[in-house]
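One structure is given below, represented as structure tokens, and several questions about it will come after.
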Amino acid sequence: MIELKNVTRRFGQTVAVDHIDLTVETGEVCVLVGSSGCGKSTTLRMINRLLPASSGEILVDGEDVTGMDLQRLRLNMGYAIQGTGLFPHWSVARNIALVPRLLKWPKERIDARVTELLQMLEMDPASFADKYPQQLSGGQAQRVGVARALAADPNILLMDEPFGALDAITRENLQLEMLRLQRQLKKTTVFVTHDIDEALRLATRIAVMDQGRIVQHDTPENILRRPASDFVENLVGKQDRGLKLMALRPVRDLMTPHDKPRPAEPGADGLKEDDSLRLALSVMLWQDLRQVAVFDHQGNETGVLLRERLIEGGV
Amino acid sequence: MRIWRTPVLWLAVLLALTLGMDGLEPLFRLIQPDTQSVIYQRETFLFLLGNHVLLVLISATIGTFAAVAGGIFATRPSGRDFLPLVSQIASIGQTFPPVAVLALAVPVLGFGEGPTLVALVLYGLLPVLRNTLAGLDGIDPAVTEAARGMGMSARQVLFQVEIPLAGRVILAGIRTSVTINIATAAIGSTIGARTLGDPVIAGLVNGNTAYVLQGALLIGLLALMTDSLFEALEKLWARRLAPTVSPA
Amino acid sequence: MPSLDEPPNRVITVLGLLALVLVWVLDLGTVQPNRIVPGTGYGLFAAAGWLGAVTVSAGLCVLMALAVLPLRRRYTLLGILLTLALAALPDLLVIFTSAHLPKDSPYARTAVGAGFWSLLFLLVLMLIEVVGRLRIGRRGQLGILVVILAGWALLIRQGGLDSLSLMREFSNRPDQFLQALWAHLALALGAVAISFVLAFALVLKMMRSEAWRRPVFGVVSFLQTIPSLALFGLLIAPLSALTAAFPLLQSLGIRGIGWAPALLALIAYSLLPMVRNTFVALTEVPEAVIDAGRGMGMTERQLFLQARLPLAIPVIIEGVRITAIQAMGLTAVAALIGAGGFGTFIFQGLGQAAMDLVMLGALPTIGLAIAADVVLSTLANALQPRPAAALPQ
């Protein structure tokens, strides 16, 4: 658990972070979102003390970070940033092994961990371990950045716009990957972004920041349904909130299930249970369907989604 | 192994000429038919070569350590205040001609190897200092930020990340510095340092072109050998630390 | 952004403390009975009396105080004070000579000591720091330089420094000095001009045919690697042989020793920076600019004259600057093969162990190199394409 109590950070005369309180529960993903210069990165960087707080308290699992040994504090937090910050003179494997080596793990354990992480991020260890960062694509490099942050299995993950520099398609892939990992690993995560859609997709709770203050701290659904101010309302987009809400909910929620799963007919078109309602609506509109079949991961048809239900209950 | 071929070749030619200059007497006789002595005899060429190399080696070692330390100091949080001035000194200092620096060492320190060494250190420091600053400055800030954020100590960031990454640029600075110092050390024989400049100066004073040629040839070969040595080192460095990107 | 609480400056404080220590520890000046005999040194107090010593010490303390006290216009005040201090610095020498030079001995002379040089050097460093903090532009920097030099010139004209051995050496040979100046300038600038034309021609050729690039770069960087003394030496033999074979050349003044090998060597050295910068400048004009020009129907010739060249000029001048600085220094070495210039004084002085003659050669050499730097970097700065200059008239 991470707690910020009345934390302020000044740069000379300007106040970057203005008396904020924020609690990040164990295992949740807290996304700090806001326009550039709102203090979200500053807030993140105060948690691992890359910037000291000017006043206030920051507690990690109940312990004040100011009193902790700096290296110990940081070694226990994964850290991934925009542009990866991978060391260009080290191979992928050595980059990932950075923190385990600092913690003086035995070599076999490090090697095993690197292999495990590469596999977890769906990169073939045999072909990637010995490559150098400049030989990777942007998406691959960012995966390695995430692997490096996870290497020593820290309880806490700090991510500062890690996908900010990637193209839209790669970014979406990595977001999905991140959701999958988070379901497995349940790290306490603080994630900074300026992209509200990224925030809505990844967050357990979102903290919207403006001019150094937290203007709303709530679940994505509540942020969309009950924005605390005009600023938040503008940020989430007044008009297309309906679609954004639909994007949060899976098809599973509204489908009409079959009594028992049926094997799919070959070549049948349909949705997966995890797909969003927004995608379902898009498919129906485009193909002019009144209903769509829904499949589970094994490819069995588990139910159908009716257009009326979607329109009535989608938002 | 192939990258060492050129420097070794130059070294072989240099040593052969240093030791076997006497064998070329007939050749020099053609150039300077009217004098008795056509081969410089006051010191052996080997001694002059050794002294020349030693001067450059010592000054390069001291200068490199001082410059790298200074560059590191000026880029740490505790020394940041000094960074603008230090980088100004590094660039303005290089405007001063080396021969003038050498000459000015004499009124302060007198004649001989000592003042030459001081001038070489002072002057040789500048290119290394400038390249150290440029190299450290050229590192992607995300890299050092990540290094600190992952929990590396300041020392670990410096030695495992910053210095290896800036190393290539620093090495290029050392190369410039050594090239200038080989030339300046040769001129150092006018202030009493015994280097390969001696035969040239003696030849110029006595109108003996053969002496001049002998000195000039050896100085030129020494410079070429050193330059190709650095070229090999740079290649080696590039191969070890920054492998070329294979086409995807 | 200057604000109420500008942080204190540690750099000025450190430099000031160092200056204070050095100026008290080292000799401010020496008095010599004649040219060759080593002189006796005088420290700050002995040389300048209690008034001078107090003024210097108090001045340094004020500088340090200005650097640390909470002040609003810290750097402006420091800049003014430092400029004035530097302009008036030679007054210390005037006080020193008037107090200590024996009136009755015509050969007696005074020399500048290490203490004075340290003070000068550290004050200049402080000024550089202040100029950097104030972000003073080119014009302001030149203004400061003019004020300081005017202070010195005034003092020299008044004759306060006549007994300084450096000035003695100068007044013993004003004609030779001027001659050396012209020889130095002619040789250095001649080499720069010729190598500029050569380099430009080479680069034009290299831009047309790729096959020329590698060999040209190979040759010019090879030439740059050869130490100056060696290159001068190596040129003597072939040139002597040439003139022996063609007496006509000899009547033109071309000999193995003298200006001919010096000029050749200087040109050889100048080629690398000149070719490199000109080539980079002309080939690395942004592709978009060239494409746009081409797309709008400019001919290659128009493109070259109206787009490539104007954009390239600052980088080309940077090449000329590096070359000119280098040539000023190397010309001094060329004196060894009888090419004249300030190097003559340096090597004569070294031969006679006359240190002031050495300085009379070394200081102007440095001066010329710095002058070349100032003039050409100001020029490059002025020719930098600016948004305002890009607007339609």
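In order of appearance the chains are A, B and C, and numbering begins at 1 in each one.
In this text, a contact is a pair of C-beta atoms (placed from the backbone, for glycine too) under 8 Å apart; a residue touches a chain by one contact, two chains touch by 3 or more.
This is a predicted model, so every value here is computed, not measured.
Student: Would you kindly say which chain has the C-alpha centre located farthest from the C-alpha centre of subunit C?
Tutor: A
Student: Whose C-alpha centre lies nearest the centre of all protein C-alpha atoms?
Tutor: B
Student: Would you mind pulling out the distance in Å between where the CA atoms of subunit B average out and where those of subunit C do?
Tutor: Result: the chain centres lie 22 Å from each other.
Student: Find the geometric centre of each of subunit A and subunit B from their Cα atoms only, then give the gap between the two centres in Å, rounded to an integer.
Tutor: Between these chains, centre-to-centre, one finds 52 Å.
Student: Mind checking the centre-to-centre distance between subunit A and subunit C? Centres are C-alpha means, answer in whole Å.
Tutor: Each chain's C-alpha centroid was found; their separation is 58 Å.
Student: Find every residue in subunit C that makes contact with two or more other chains and list them.
Tutor: Correct list: empty.
Student: Of all residues in subunit A, which are in touch with two or more distinct other chains?
Tutor: Within subunit A, no residue touches at least two other chains.
Student: Quick check: in the complex, which residue numbers of subunit B touch subunit C?
Tutor: For subunit B paired with subunit C, touching residues are 31, 81-82, 84-85, 88-89, 92, 95-100, 103-104, 106-108, 111, 179, 182-183, 186-187, 190-191, 197, 200-201, 203-204, 209, 212-213, 215-217, 219-220, 223-224, 227.
Student: Can you list the residues on subunit B that touch subunit A in the complex?
Tutor: 140, 142-153, 156, 161, 164-165, 241-243, 245-246, 248
Student: Please output the residues of subunit C touching subunit B within their complex, sorted ascending.
Tutor: Residue positions touching the partner: 9-11, 114, 125, 128-129, 132-133, 222, 225-234, 236-237, 240, 256-257, 325, 328-330, 332-333, 336-337, 343, 346-347, 349-350, 353, 355-356, 358-359, 361-363, 365-366, 369-370, 373.
Student: Applying the document's contact rule, which stretches of subunit A touch subunit B when the two form their complex?
Tutor: 48, 50, 70-77, 79, 81-89, 98-99, 102, 132, 134-135, 137, 145, 148-149, 158
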